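So, here's a batch of structures to check.
The following pair of complexes shares a single chain, chain A, combined with chain B in the former and chain C in the latter.
So, the complex of A and B:
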């Protein structure tokens, strides 16, 4: 029983999943964005017939291929972990997770076995237009493939479109479109793919700048900077726009996570957005958890209210409001009240279990009908996860991690807008080569883009804690009852395997970049 | 029938030529893919990642009952 759950098992399982997901995400965003950059370049080649554009396309396609091939199947390990380490969760989510992942698997299979092959093997064997179509289909397919993973993740943030079947102990999808067009899914998809476009643009800018600093491949580097700079600038603005939309949605569906982003403990009207801040523990507490105070902060007055409510005077609830609740016109349910409702739902489920055990058919039917009642689902079962909490403050995520990852991601996002804009500006002005300092800035921006991208996911997942499915299931109830020792062993195995893969990727890429586009093997 | 055979042959030749004329980086990457897939499916999946519910229970009914037990008899500690 979960009463005996070993917290080291939960922590190791979490650590293992985090490790796998973080490594997996090293490979994905570059694939999402570089596929489009390659498609733009090949389109210019087909339009102009200029062989230099073909060489340029093939060079970036090579780097895309290395990243794609090494990253492929790393996501499968996450699915293994669901079945082994997170079996309660896997069962509980039912077909809601399975359906999008199956679509993703089929899409990925057809994409990888056909169009990728045409992309790499098809030069001079199929027509230019067919080759170009394949390149575009790979780009669109890779991003559509990501859609289904993100739909599944969005459901974990905001479970919609399902009903719980007490007989099977599973959630069952009743509205596919509600799951697909979940507001969190729409925001998450747009924000994630545009951030992938931006990361790839920064990657291309960085490598092209390195060529310029080395006095090599000037034609390639300048054309690449032009395309990546424009694409990156558009993408970075889109990232800011979709990030804003994402934050608005989160303020509605995950208000505690939203408050944790800003380390906002006390709700207020005209709430300011923290542009920069450093946190420290204070003596004040919510339950047993220390409140964080700011050692230093730069605040933009009213902006948080505008961002979340569209109104400068809008009230933004803080963590304390959301934990303690309020009985005024704001009608915020306290965590304690949610715990009561969750326990009531669990008692009903316990009654069902008992009715099944003694085969009380009348009671079984009665409780099945309760689970079909919208009032019970919306007002009690939706808080089922709270029944696992011992104290209200357990519903608070790690504020420091949420705050710092959010602010790091946002600051870097704005920095990349500048990097892309300055790149295009200096290139068009013809002074890019004279500004060597800026070329260095773009080179060092490449790892920063990865840090920003990873921060986004750390924020998404850590900000949702303690839930694996928002309000429905805490992480600690999702874990399989296996030995912590076996999880530790696989954690170490993964650390070794993924580090080796990352090392292989970086070393093959660096070698290919140093070789450049003029290597005889690459010119067919 | 002959048409289908010719089509199949041309697709086969397309992949065959592609793999045969692959560049150095392509060969390296394919070696990595093969090693990786072997490790993932032949080692990790078989020895370290059995499906917990499939391994321990014979039917979906038993699995449902187990999970129902798990989510109804719990007082989980969250950190």
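So, the complex of A and C:
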């Protein structure tokens, strides 16, 4: 086992993975949503036979293509970084985590990459209907890809459907359906794809508004706003609904993360939801970690209890309750108790390894039975990861990051409902062109949509810390044994390359937008 | 017993799937092979664009196969995935790096305001085309020549040198396989271009370049093959799982698995026939033979690496840390679940084949590229 971990290696490995994931997520949501928007537009083209709709479809398809390529590039790295930088993790969970990744490749990636070729190069080679089918298959393939990787990620948040095999020292899948229909996976998939639809809708709204402000491409802009506005409105409501459902699931399976979202240190009945707040360090501490206090806050009384427990008087545990535990009727185990149970489970595993080394058959059989014992699995092994913690407060994620990213995401989510609704309303009323201020709001919403989307992932991953697999493995035990220097070099290489590619992507995109749909795709 | 048999079957089944993906990947690297010649094959910019458009319509297949290959390896043989990627860090990262720069290069090279300029993106394609196949060949070479790592009782890998995979470049057999894969990719690239482009100048130049590339491929391939057949191999004793060195192990594997020998020989003959057809008869259909031959030969090479009690990812540092398909595989349950998923592979291949046929209906010319409007 990893006893002396080089923390700078862990930090740089995390930084590299975060860098890749953040860049990857910069491109993926647009692909998820724009693929459907393009499919809607082409459907109208095929139904009406109006060539203007074809031009419209091709214009957004060009932007889709520019964005798609870079999403693939960063996705490839992400897939292999599980192995290159988190090899201990890859072994510990490969039996479960690998399957969704393989299914993703076989089911989704080929669908996407095959029909994208037809989509771009098949206009004059296949029938209209076949082309339309290809466009729809690209959209379905792109979103199916999201399903499988999110199933894998959900398992890291809430490991289910597996058992630990002491012989191989890894978790092994025993119920595929439990992994696939993990409540976190269902919420996460729906929340993530609908947020991608929303981002793409805001993207289309923003660009179309820019055309209207410039007095250009009015036909294109108005139709795009109608489609994106309706799609965005439906998606934004779905985002809110699935977000609420996600939070409720998290309150059950990751209560510390949930408490960190709200910077809730002291648990309470009738807990209020913080609509807005600013945090600062206080003098109070949990172990070595400072508690955050609110400088200002706007709180909606009782709402957090209602949202998480469905009851105004429901008790929502705070970070302090979850770290220190409570011996009352709530019976919350303290982190120190969990650490003890985790160490016990780890000792049993070490005893097993020793018994195998000296070939003590009686002992081997005895310990094998312990690993099959429900009581041991549910009350000891489930805290295996706690055995790696040195202090109880290590179990607390970064509260400020969790709090701000959560609130930013939620506030912007509600803002986008308004943006989409107003866009459709003004368009149908025929006054959109007169409300220039709103067109500007829509344009500035585009970067905000990216900020909201990235915040969601930062929250998901940072809120899970210190775990790579909730309660079972901390990130420090998961890292590949390479030198920190190697990871620093690759981090810099990736940072430079991804940033250069991002600049290239944005620059090409801006140029294509400025050129507009009435020119044939511009090439050098 | 029944359970053990079916577990054994599934482990072998998944090794076959992984081997098939690897062989498809090597064939599809004709895209890389073509990219590696963008400075030497076309006489002008228009022809370069034509070559890159012919290759560009296939790059995603290669890329997707690489991703699926990684995913399937992770899912079916996670110990290899964890040990090799986490240990031979620099080798794999360099390979990955060469593929990231490919993914965007096609889409961005001709687009105005692409910041880095067309020349940079073309250089990216050249680097990916040259480095990608060579380094993948090097990595596969270590399946036969071994690496320097050890596994502890938790199956966590420790690499025994600070080069983390780059030391594989010092072994002549690995380098020979790397160069063989590169020149095979170039040969297949030329045959593909001959088949899919309608431009006399380019086709003639491709025919001319075919000789030097296919001869280079043969020289390096034969060097690798002969040294492989004469060398010691990493045998796993089935009763104990202990790994020992066995003289002529890979030759034994071929002899003891006649079906694999047959596949291998058929593959090699098909590759040679495809090349011969192009060189001696100026036929444009060579790619069909050399392509299928590549798939068969590489498939057989992977089978002799993993079957017949052989450690497919051997360690020369600690022999008993060597990884066999039995030691590396996922659990029975996972392999079985994934087997059901794999049943859709023929359907996937069928729609890829159909889509490919549709796209290739017209040969690539300057007019054809203009008609489509989406030019790389």
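By definition in this document, the second predicted complex is superposed on the first by the 515 of 524 C-alpha atoms of A that agree within 3 Å, B and C clash if a C-alpha of one lies under 4 Å from a C-alpha of the other, contacts with A are read in each partner's own complex, and residues count from 1 in each chain.
In the analysis below, contacts are C-beta pairs under 8 Å (C-beta built on N, C-alpha and C of every residue); 3 or more make two chains touch, one makes a residue touch a chain.
This is a predicted model, so every value here is computed, not measured.
Novice: Putting chain B and chain C onto chain A via the overlay, clash or fit?
Specialist: They clash.
Novice: Once chain A of both complexes is superposed, is A:346 in touch with chain B (first), chain C (second), both, or neither?
Specialist: In the superposition, A:346 touches chain B alone.
Novice: Any idea whether chain B or chain C touches more of chain A?
Specialist: Partner touching more chain A residues in the overlay: C.
Novice: Using the superposition on chain A described above, determine whether A:72 touches chain B (first), chain C (second), both, or neither.
Specialist: A:72 contacts both chain B and chain C.
Novice: Touch check for A:503: first (chain B), second (chain C), both, or neither?
Specialist: Touch partner of A:503: chain C, not chain B.
Novice: Using the superposition on chain A described above, determine whether A:389 touches chain B (first), chain C (second), both, or neither.
Specialist: first
Novice: Check the residue A:483 against both partner chains and state whether it touches chain B (first), chain C (second), both, or neither.
Specialist: second
Novice: Would you check which partner chain A:204 touches, where first means chain B only, second means chain C only, and both and neither mean what they say?
Specialist: neither
Novice: Quick check on the superposed pair: does A:117 touch chain B, chain C, both, or neither? Answer first, second, both or neither.
Specialist: Once the two structures are laid over each other on A, A:117 reaches both partners.
Novice: If you stack the two complexes on chain A, which partner ends up touching A:150: first (chain B), second (chain C), both, or neither?
Specialist: neither
Novice: Could you tell me if A:493 is touching chain B, chain C, both of them or neither one (first, second, both, neither)?
Specialist: both
Novice: Going by the clash criterion at the top, which of the stretches 4-12, 22-30, 94-102 or 220-228 from chain C hits chain B after superposition?
Specialist: With chain A aligned, chain C clashes with chain B through residues 94-102.
Novice: Common interface residues of chain A with chain B and chain C?
Specialist: In chain A, positions 1-2, 62, 65-66, 69-70, 72-73, 76-77, 80, 83-85, 87-88, 90-91, 117, 120-122, 125, 168-170, 353, 480-482, 486, 490, 493, 497, 501, 504, 508, 511-512, 521-522 sit in both the chain B and chain C interfaces.
Novice: Across the complex, what residues on chain A touch chain C?
Specialist: These residues of chain A touch chain C: 1-2, 58, 62, 65-66, 68-70, 72-77, 79-80, 82-88, 90-91, 94-99, 101-107, 109-118, 120-126, 130, 134, 165, 168-170, 172-174, 176, 353, 356-357, 480-483, 486, 490, 493, 497, 500-501, 503-505, 507-508, 510-512, 515, 520-524.
Novice: Which residues, counting only chain C, touch chain A once they are in their complex?
Specialist: 57, 60-61, 63-64, 66-72, 74-76, 78-79, 81-87, 89-90, 92-93, 96-97, 99-104, 106-116, 118, 153-159, 162, 164, 330-331, 333-334, 337-338, 341-342, 344-345, 348, 351-352, 355-356, 358-359, 361-362, 371-375
Novice: Quick one: which bits of chain B touch chain A in the complex? Just the residue numbers, please.
Specialist: Those in contact with chain A are residues 14-15, 17-19, 23-26, 28-30, 32-33, 36-37, 39-40, 44-45, 48-54, 60, 63-65, 67-79.
Novice: Show me the residue ranges of chain A that touch chain B in the complex, using the header's touch definition.
Specialist: Listed in rising order, the residues are 1-3, 5, 7, 10-11, 62, 65-66, 69-70, 72-73, 76-77, 80-81, 83-85, 87-88, 90-92, 117, 120-122, 125, 166-170, 346, 349-350, 353, 388-390, 394, 465-466, 473-477, 480-482, 486, 489-490, 493, 497, 501, 504, 508, 511-512, 521-522.
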